[in-house]
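In the two complexes that follow, chain A is the common piece, with chain B as its partner first and chain C second.
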Partner chain A sequence: MIKIKKEGKVTERQFSAIIINTILGVGILTLPREAVSFADNAGIISVILASLLSLINLLIIIRLGLKYPDKTIFEYLQILLGKILGKIISFFIICYWFVFTAFVIRTFSELIVTAVLPKTPIEVVIIIMLLLVAYLSYKDIQVLGRVNELYVFIVIIPILLLTILSFKRGHMIYVLPVFRGHSMVNILKSTGRSYFSFLGFEIVAIILPFITTKKLSIEYGIKGWLIPSILSVIVVIASISVFGVFELKNLVWPTFELIKSTQFFALIFERLEVAFIATWVIALFTTASNLLFGIAMGGAQILNLHKHKTLVLSLLPLLYLFALSPRNAYELFNLVDIVSIVGLILTTILPIILLILAEIRGKGGKAIDEESN
Partner chain B sequence: MFWDKITGKKNIENIEEDKKEINKVGLEDSVRKNEEIIKDLIGESSDVVFRKFNLAKDEESPAMLIYIDGLTNTDILNLHIIKPLLSDLKEEDLTENSIEEQVDLITESIVTTHEIKLEKKMDKLITAALSGDSILLIEGLSQGFIIASKGWDARSISEPTTESVIRGPRDGFTENLRTNTSHIRRRLRDPGLRVKGVAVGERSKTDIAILYIEGVANPHIVDEIMNRIKSIKVDGVLESGYIEQFIEDSPFSPFPQLQHTERPDKAVGNLLEGKVAIVVDGTPFVLIAPAVFEQFYHSPEDYYNRTVIVSLLRVVRVIGLMISLALPALYIALTSFHFEMLPTVFALSIAGGRAQVPLPAYLEAFLMEGIIEILREASVHLPNVIGSTIGIVGGLILGTAAVDAGLVSPAMVIVVALTTIGSFTAPTYSVSNAIRILRFILMILASSFGLYGLVVGLIATSIHMASLKSFGIPYLTPYAPSRLEDLKDSIIRFPLWKMNFRPTLMRTKNSKREEAKEEGDKN
Partner chain C sequence: MKKVIKIMIIVLLMNLLSGCWDRRDIEATVPVLGVGIDFIEEEDRDLTKSNKVKVTIQVPIPANMEQGEDVVWIISSVGETVAGAIDNLQNKLNQELFFGHLQVIIFSQDIAKEGINKYLNFFRNSPQIRRLSWLLIAEDTAEDIIKSEPKLESIQSIYLTHMLNNGVSTGRIPDIRLGDFFIRLSNPGEQATAVMLKADKEIIDYIGLAVFEGDEFVGSLDQPETLYYQRTLGVPNDTSNLVLACDPTTEIDRLTIKMQEVSSKLQPELKEDKIIMKIKLKVEAKVLEQLNKNNLGREDVVHQIERRIENKLKREIDKVIEKTQSKFQTDIWGFGEYVRAYYPEYWNKIKWEEEFPKIKISTEVKAYIRQVGMINFTGR
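Now for the complex of A and B:
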């Protein structure tokens, strides 16, 4: 196990920023469509439910992390479940993050190729994105925290601004009434799909031991969850109000279309989608590099490596292959759906089981903890 | 070392002991022999003067004064050393007293300079002579006197040329180390101000003063700076840039990690924030460490003007820096990849201007930026008189001719002009150099991948900046890691009475600014 001093490397604000930036990623680009897919107008409720579910899971993970304040999830998994089972589950989590990262990069590259660089081969776009992501993941966690902190407002403010601007063309008649006799099952189905855009918060399982003040982690964790949730709800309402439910269901990139349809003449730029993509590169990049950092860190802890850096570089080619594996956008979306179901199960069920185990073991767990030190 | 004598302070550290022969050489008790030894060591140099005379005009007791012509004040030599030794000293003083009593007599009653001391070691004597003091040797004594007699021609204090301000003091640092430290002392009558001396350079033995305020500066940072300076191994130090390159954290980064300034007020302001100033003899540029990116667009004038104006000016500077960093790249991206982003009218006028141009946009941009760089470099080396002519010929005529000939579009000329002017909004020259390099990298990225490449380039730059450290201080503070207290002095400068704390990034010992009243106000 790596014996480095963890505490004090990430400030609380950086902790929030990492959560925000990891959540805000590729999910929100397709969120409006997923939200209305089963629930129609009640999609707004689905999104709120999904965000609440993610909050609960986030809090459980933080609680769990606070039980082992100087350990990442990959370390306390081995304490709770034993060495072998712990490593297997850790490996499973890493695989999930790995596929998630690969698809985040792929989804975004698809968008770039369709929207702004139609003549550029997607491979080149992916390679550049990968190199950039690896550049940050290769650095230490302090740098990761700083970069996330630097970008959190650069990501939030443009998307918020552009979404609010798009309300100009919206009609409230499309939004209301929210309930049109949808069954609870449909709402829940939509919730499950919308949950994908809140995935990424599980990165706290790795970041938590590095935070300066452990007591504040819940408060700042909630702050980190709140901003993307509000943003998501606003985006969904705006999309429904502009397109209406039925058109929305047919859009591939609903959020992107929303921005595209917005014109703001006071700016020099007539079409804002390129500017949107430019800022969204940042959102995507932070998601991917935070996850890649988590993967490399976890991998290093499973394999007893001293530095996560070695893994970052060796994972790049694999990540590239995975990102290229779906043949087209349609296949990609189907795969993303599978990943999101895996994510739903992993982030909902695993933390609860672990928390119960930790409670049961109570002091016994701590004894092992002290022994291993 | 002459340091001790001038400051009267304890010399913290000797320079690295020479391993040369000179170390072992001692002094004889005969003036003639000593003269030979010194001549042997120092060589036959025309500026080394060996002045022979007799103490108290007594031929029995020869003496010798050794000094470097041009480094010494001849008035001191004539009136305070040679004349008293010849006339005020009586022959019976020499005959009646033992050699020890003679030494006491000379130091206490005869020589009238402000400082005189005995030294046994030959190498110290020679170093003293080489730094402007004079050596007095007398017969029968196997030691030498070091008599303070420094005095040479130096440039008088003038207005700094690189950091001009409208409002603010007009005096600047000079090439003389003592003048420079006195500039700082004069503004900072704090007993806590420390001036530590080190000599760096195996051969040049350049004097370096490290200034900080005890109790304000973080002792770890001071120690770290001291250690790094002491471990420098180099032949000669001709400018503070030598020191900067030896002690900075990331030598291959385009970004400067130490500040340099010609302005004493800026140096003092930084000392009060808990930073450390490094004054190097022979250059008006004083280094300030640690430095964060934030400071490079701050001007000392910012604290003399009123809050609202300063905040506006800082916004202007940041915009200027952004323009000079990214505008050419943005131009390339928009004209070659994302023409549809521009409003129709605007796009048409740019396209109209570009219709005649045979070059693709990125070549056009590289051509123009390249020409500007050549012009800029040329104008630095040209004599002042011709410099302005070249500016006009290069800038105006070349630009107009290029547009008329249809080689570049008018929009490109505007972009290039804005870029160049924008890079000068930064009050510090070193940061605009960093941006010059990055501009070309961004241009290459933008011409390959459009706006996507530009954004990727900007992100990579910011990752690099976030990973930089200057003596343990993250380069992007107070933005990342964010420090709310420090943000009061960032793009928006709060009123001075609101900035109650020293920058937290320095982790200063006494953080409240007003606490030590005698410090005076920083601003």
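Now for the complex of A and C:
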């Protein structure tokens, strides 16, 4: 039997792929450094904690979304909090996504410019990337789903392969001691920093109404969370075992350096980092387009526009300016830290509050639900 | 009208997409294969502290490749920093220097004595340079090594990398490259080491291991010592052999042994706030040569030989450890990393540099003879 795909829908597999691709962005490129920044060897625990936290938040958002099965977060925010407050919070979420997208693009461009194309002006890299991102965001949701489904393996397999190969030069003694001799405070601080690389899963709040079989959304949501989490943990362990904690703190792009020091089949495959960058463009492109789609969608919904397409192109110049605003990589990383703290607060606290509100409302006033249906 | 716009867009895109800022033809680059860094010879360098460095680079000449002679060009330049000297080099060249194929970076012993970190910064910061390049210390000047003329290969740097790679795969030369050197510089529980070389006209000689304290060169282990250093860390050996001297107590004369499989286990133990480092070494050996006709089919003879291997290895390893503990006082073994891994609470309390010379190290060697050769002396 041929599965009929409805207009404007995404399948469960595509749903997983969207989560995976949105999570895998620039975060993992700096994750090993962020993980060990405070916690030293316990960075592995920090990453696992961060990923578990993101799982909990993801499940809460899906639970919440299932209460309003055909509404995006921007629509049920207005139901739950009232028109004005809902719009304010929606606007806040959009702003956060907007800055997040801009910095994601900037971070990756920064890597390209420092590592691969030193003479190319960063503006050009950003503009080309933005045009590509906008091209996908301009399309409908099912196109977005298909593109994500297509690219998910192209993104995962190279990094997984290269990371596993890099274990060859690793020393397991560098990984220890994981559990002893670290203060809890430092582990939690590192968790906060590592959480940045798991951000992006909140895109489900937009995608959920379009999924074909809603019952399976939790199962496929977990699947979508699992792959980036395992990948992150492997990358962190590999980086620590190859570089050791103290060298890792000196590296601006630890994952990139990890791949740079990998060499296999003796001397035939040198310079794998360029191939890696080429595939990672896709990871970045999907992250940014998914988020830009979310932004345009949300913007359209709070401004009562009919189509999200109206906003995509008009947002591009603003995105460009935001992406260019940090002066250098250090300022960028400081700003990214701030964005990740905002993201941590936003994705942890807001969904819980909303879920509690929805439970209360759900008991008291079912009428609202029916009415809105 | 629409068609015109479309054509215009295509023409514009052709302009934008065809070019690439970083496009560089292979003819338009000068690939640097080896870099040597020396102090310049000034009489009163210590007085003025000018610390000017001389950078010598080696670039291939593609035009001469076919004739097979004069394949490389060696030029050098002086500057106050490494980057400055390389900049001065650039002034002398028609094309741009490219460091992506850099194989070896050689520092002279003098520079290493003064602290190598500030001169390494350039190599660390540049994205072109790979962490798998070799960092080498020249006993004399780096220039000598770059200028030496080995017979088998026309490009010295390639000769050197082949020599080093073979040394690593056979277990003679420690696998410590630029990246490993950086890691050892950063890690508090181990000290940096680098391969040391000496050049003499045609011959480039591997003479041992340079020992660092922090980033300052403090001394070196010679070649046999490095061999035992390697075995202690569990690197198997393919080429170098262990010669056991004549032993008057038994009837066994000199023997040559090859250590085929080596596995080592390093285990620190904390007793009454003192670290005892336990090294357990298991060696599987092969008898290559014996000067008298012992019957290796007899079990007691084999056992005797095994005991002798054990004693010899233990004695030599202890000597090398003693040397690093008392003479250099630097932990090139990475014992500190083991202490940090197994006793993190203890590690947080101590300063490893002060502790290392005082720790007790016990070595335990177990040898097994697996192969005895093809001759069987049962006749007599």
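Convention: the second predicted complex is superposed on the first by the 352 of 373 C-alpha atoms of A that agree within 3 Å, B and C clash if a C-alpha of one lies under 4 Å from a C-alpha of the other, contacts with A are read in each partner's own complex, and residues count from 1 in each chain.
In the analysis below, contacts are C-beta pairs under 8 Å (C-beta built on N, C-alpha and C of every residue); 3 or more make two chains touch, one makes a residue touch a chain.
Keep in mind the model is a prediction, meaning the values are calculated, not measured.
In the superposed pair of complexes, A:Val143 makes contact with chain B only, with no contact to chain C.
Of the two partner chains placed by the overlay, only chain B lies in contact with A:Ile282; chain C stays clear of it. In the superposition on chain A, A:Thr120 makes contact with both chain B and chain C.
Once the two complexes are overlaid on the shared chain, A:Glu247 sits against chain C while remaining clear of chain B. Touched by chain B in one complex and by chain C in the other are residues 116-117, 120, 124, 270-271 of chain A. Of all residues in chain B, those touching chain A in their complex are 337-338, 340-344, 346, 449-456, 459-460, 462-463, 466-467, 474, 476, 479-482. Against chain B, the residues of chain A that register as touching in their complex are 11, 13-14, 112, 116-117, 120, 124-125, 128-129, 132, 135-136, 139-140, 142-143, 145-147, 149-151, 265, 268-271, 274-275, 277-279, 281-282, 285. Those residues of chain C that touch chain A in the complex are listed here as 20-22, 100, 127, 130-132, 179, 182-183, 185-188, 334, 337-338, 340-342, 344-345, 347-348. On the chain A side of its complex with chain C, the touching residues are 114-121, 124, 171, 173-174, 176-177, 180-182, 243-244, 246-247, 249-250, 257, 260-261, 263, 270-271.
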